[in-house]
Amino acid sequence: MKIDVELKNVTKKFGDVVAVSDVSFQVEKGQFFSLLGPSGCGKTTILRMISGFEKPTEGEILIEGEPMADVPPFKRPTNLVFQSLALFPHLNVYENIAFGLKIKKIPENEIKARVKEMLDLVRLPGYEKRKISQLSGGEKQRIAIVRALVNKPTVLLLDEPLGPLDLKLREEMIVELKRIKREVGTTFIYVTHDQGEALTMSDKIAVMKAGKIMQIGSPIEIYEQPNSEFVANFIGGTNVFKGRYENGAVEVDNLGKITVTPECQLSKGSVLVSIKPEKIFIGRKLNALDNIFAGEVKEAYYQGRVVTYRVLLENGSSISVVAPSPGMEGIFGIGEKVKIGWNKKDSKLIT
Amino acid sequence: MKIDVELKNVTKKFGDVVAVSDVSFQVEKGQFFSLLGPSGCGKTTILRMISGFEKPTEGEILIEGEPMADVPPFKRPTNLVFQSLALFPHLNVYENIAFGLKIKKIPENEIKARVKEMLDLVRLPGYEKRKISQLSGGEKQRIAIVRALVNKPTVLLLDEPLGPLDLKLREEMIVELKRIKREVGTTFIYVTHDQGEALTMSDKIAVMKAGKIMQIGSPIEIYEQPNSEFVANFIGGTNVFKGRYENGAVEVDNLGKITVTPECQLSKGSVLVSIKPEKIFIGRKLNALDNIFAGEVKEAYYQGRVVTYRVLLENGSSISVVAPSPGMEGIFGIGEKVKIGWNKKDSKLIT
Amino acid sequence: MTKSSIMFIVVLGFLLILTFFPIAILLLLSLNETSTLPLRNFPTLKWYIELLRFPAAINAVKYSLMVASVTTGAAVIFGICGGYALARTNFAGKKIFTGLLLMPMVTPYIIMGFSLMSFLLKMGVNPSLIVIIIGHILITIPYTTLVLTSRFIALDISLEEAAMDLGAGKFTTFRKVTLPLIMPGVAVAAILAFIISWEDVALAVFLAGTEQTAPVYIYSLLMKLPKFVPILTAMSSIILSFAIGLAFLMRMIERISA
Amino acid sequence: MTKSSIMFIVVLGFLLILTFFPIAILLLLSLNETSTLPLRNFPTLKWYIELLRFPAAINAVKYSLMVASVTTGAAVIFGICGGYALARTNFAGKKIFTGLLLMPMVTPYIIMGFSLMSFLLKMGVNPSLIVIIIGHILITIPYTTLVLTSRFIALDISLEEAAMDLGAGKFTTFRKVTLPLIMPGVAVAAILAFIISWEDVALAVFLAGTEQTAPVYIYSLLMKLPKFVPILTAMSSIILSFAIGLAFLMRMIERISA
């Protein structure tokens, strides 16, 4: 597979503050690659280094195999969709999209054709003469994306472009972005703090924390096999217990013994176990599950599609359970005595 | 049940613009009542009329049975948690919370005790001397809530208080708010555009659109039995089809016949049918379902807990399906031929 | 509440009368047959026509226009360069530079005028229009720089980055994105500089040689004659109207661009 | 790029020298034995001590302090009322009111001073300190009002609503929330008004009777004597230092409160 972007041991310091610390990764041609992490984790700094607005303090960035150290932003084969969108308010839609092409001295009639093609791509045909101030939030978003795409960059960089949109519009734009990605085939590098966006759109996700990459993998790998408590928690509120592993089971304080799928390599010692709330069954009676505990419902959050319960177990631990709504036995009330349980294949060891 | 707040045919016009149009509802003592709707639907205006910052153009507002027409904001038994929080930056945490009590000339030692009690309630003991600028987003939120609650209002009004928080913090604050509500027992009126917040926290929800109330009901009623296409769509991306009802089935263009649970009162005619995406099964083979259609997967969005599919049916209709992840048959790829189906009890008629 | 607010309005009304009545009388008298009230043969352009017969007065207005125009051009160019530097770069001694830049705003113009003149005389430079222009550039640069610094700061830097990202070099970015977007600020700065130069007496009175600007001309006549001679009412009215017109234009630009 | 930026720096440096060199010389000379360079017996407080022997000079400084203080108090009170009204209420004729308020900012002070004096003389009021104070209040109100209007607008209105929601009446809200929060703005407005009054010559020269303010005193001496007599260097230095000190304080307040 051809590699479009490669970071080799990249570190970025602002004064004494280390924003990005020894980061390396490769992005394959045509991939939708996401940098996911809480704000301040360095993900935007990585994007700005790839686009050329920041220089790495150490390490090297290559695009299509070429080192980028001495290439200024306006000569890189990348285009960036800014978080603030940064559409030019004094130019109309046509002039915005044509901006990059005019600088490259593309003939006027070709520019016209390509702008039209782009407006068709985002389903805004005939928008050429509109002013930026006349566009809705979602329309601005689309224009910002095609203003970058029209230059046929090797890599399209997107810096939390859906941040300022409200829930409804964000969901629409996710669908839209995935479609555009499929139609143009360009490599995308996408920065976000929203794990939902990253899981839904990406081919590969790099989860970041404090300037470091914690895990790189496909959405399913990241979600199902988090390699640390941080990733497990960040990707989706999961139940994490600390315990000691021995012979296919983990002894957890305030909870008891949890059976897990034994892993050959694992010798006995301290481990973390993660159990996804939606893998846990809840009911008045439960059987045929590997791990079953009794407890009392402390909180119940109705969420339409599902109900999230916080259950206090008899040994003192608290666990969250996501159950379909309404379940076989209806919705449990606060204070109700219930049993919860799960299969050992869903006790994931974090090592 | 005692009624704490009642609106009788309240209309509010700003110049020629009708912000709130003939709205009536009752809020029972101790209820968590949510006004839910898109921005600009008039929900904040209703809150401001209850708190006294706006006067109704027509109609009447009663609090504990008393008409409020001539009562200024500072004499109403309500307190408002502002969207911007509006904590006083020149006062510390103690002075902020004590502000209302000092004006009421409560003795200093009682004020101290009540402020302490409030800080304990939101689990921020010892925060008295902190400056507002030293607080985190979530801490500010809590202080704003208890600054209002300390006055023991009949009704606590909350104007999208979780709006500016990020996803993670918002989820925490939802848990926190529900706990506070349970502990103090005050009547809450909560304004939000986030259907998740409303479903999770409320006893009763009023869904609004363009100044009008579309539906009032419990979260389960609103989610399971929406009374209009607008409510169905706003509460959760559902599949809505237009068709003609006749003898326990609805004939839908581009789809075919859908069986529904017959309703006695219904005579034949034009109806809307809503099928929740999570009630629809998807698989290579399906049987024992009332409605089964064949189609092809057009989009697949992995979301960790679930996968959302967009399936193009053979007759030309498109339908969305939410399936557990990974399902029995794994995750379906784009272009795969599948069957989808659901039971007739899940075809909800909107009339 | 009501009592105190009535009193406030009464005092404010009194102050407004004190501000505008004398100026209104000035404007009225410039269109009057005689140099005192009551109005006679009103309105007449007599004094304005009379004014045309005084070459010194006409020259003074010409000089003023010239001085103000050159001053404006120079102050705006320095304002753009200085404003961009202050808004977009961090250099050693930026705070000191800013402080020095603002000093002419607080230095009383008579002190500045007299010390500048003494200095120039010692350097062998004699008072002249050029000297006035230099003086005016010195006092207007702080204003243009301040206005433009705040405009550059208010301009979202990612707009410039977007232009560069799309392939524009630094100069092209400035020409195609930065400059068009701060144009309203440039206009405001220019008008401000023009008005300051157009109205200044305190500085120009020291720096003017035989070629006096209009305000200096009026002032020197006023000091010689204890009465406001009619052609001076006409001349003052012209200067005032022009300044107010420009100020009105400036507010319009500010409002539209906000 | 480099060539043009070097030229820019050279020209800017030249301008800075022209601005500060003459003023620096003035300050130096005030601490010098003789009234011309080179420095002799530097530094000496001779001229400052000499200044104490001129009662007229000392009185002029006293009058200036008095005028500026009273002006500041009045202009700030009007600024608070006017600013609050402009920021928080909509009344018929608000635009016209704002326009009128800003007019004194663009009216040349000599025109305003002379027309005000002529008007007051006709009303039977003679030049005096009170008249100067009235004149200064008129020219400073626009500044204090503008500064405070922008502060009131910047103040989140929901803070005031929150106070009312918590049981505070309008007056208590203003006293406990609004006023403390715009206090930095009030300080800035006060310093601004003080500096304007402290430095004004163009207006005061017409309105001053026998009691001259310090700048008028300096100016009238300068016009009589063509040389900067040493005690005037001392007096100018005092006025200038005080103004610069206040301006520095104002910037500090602005930076902290921003």
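Going by the order they are written in, the chains are A, B, C and D; count residues from 1 in each one.
The rule is simple: a residue touches a chain if its C-beta (ideal position, glycine included) is under 8 Å from a C-beta of that chain, and two chains touch if they have at least 3 such contacts.
What you are looking at is a predicted structure, and each value in this text was computed from that prediction instead of being measured.
Chains touching both subunit A and subunit C: none. Averaged C-alpha coordinates give centres for subunit C and subunit D that are 17 Å from one another. Mean C-alpha position of subunit B lies 56 Å from that of subunit D. Averaging C-alpha coordinates per chain places the centre of subunit A 26 Å away from that of subunit B. For subunit A, the set of residues touching two or more other chains is empty. Counting only residues that touch two or more partner chains, subunit C has none. Taken pairwise by the contact criterion, the protein chains form one closed cycle in which every chain touches exactly two others. The list of touching chain pairs reads A-B, A-C, B-D, C-D. In the complex of the two chains, the subunit D residues touching subunit B come out as 156, 158-159, 161-169, 172, 176-177, 180-181.
Residue ranges on subunit B touching subunit A, taken from their complex, read 38-39, 166-168, 171, 174-175, 178-179, 193-196, 199-201, 219-220, 223, 235-237, 276, 278, 299, 301-305, 322, 324, 326, 331.
Subunit C contributes residues 1, 8, 12, 15-16, 18-23, 25-26, 78, 81-82, 99-100, 102-112, 114-116, 118-119, 134, 137-138, 141, 170-171, 195, 199, 201-202, 215, 218-219, 222, 228, 236, 239-240, 243-244, 246-248, 251 to its touches with subunit D in the complex. Residues 51, 53, 72-75, 78-80, 82-84, 86-90, 99-100, 103-104, 147-148, 151 of subunit A are the ones touching subunit C in the complex.
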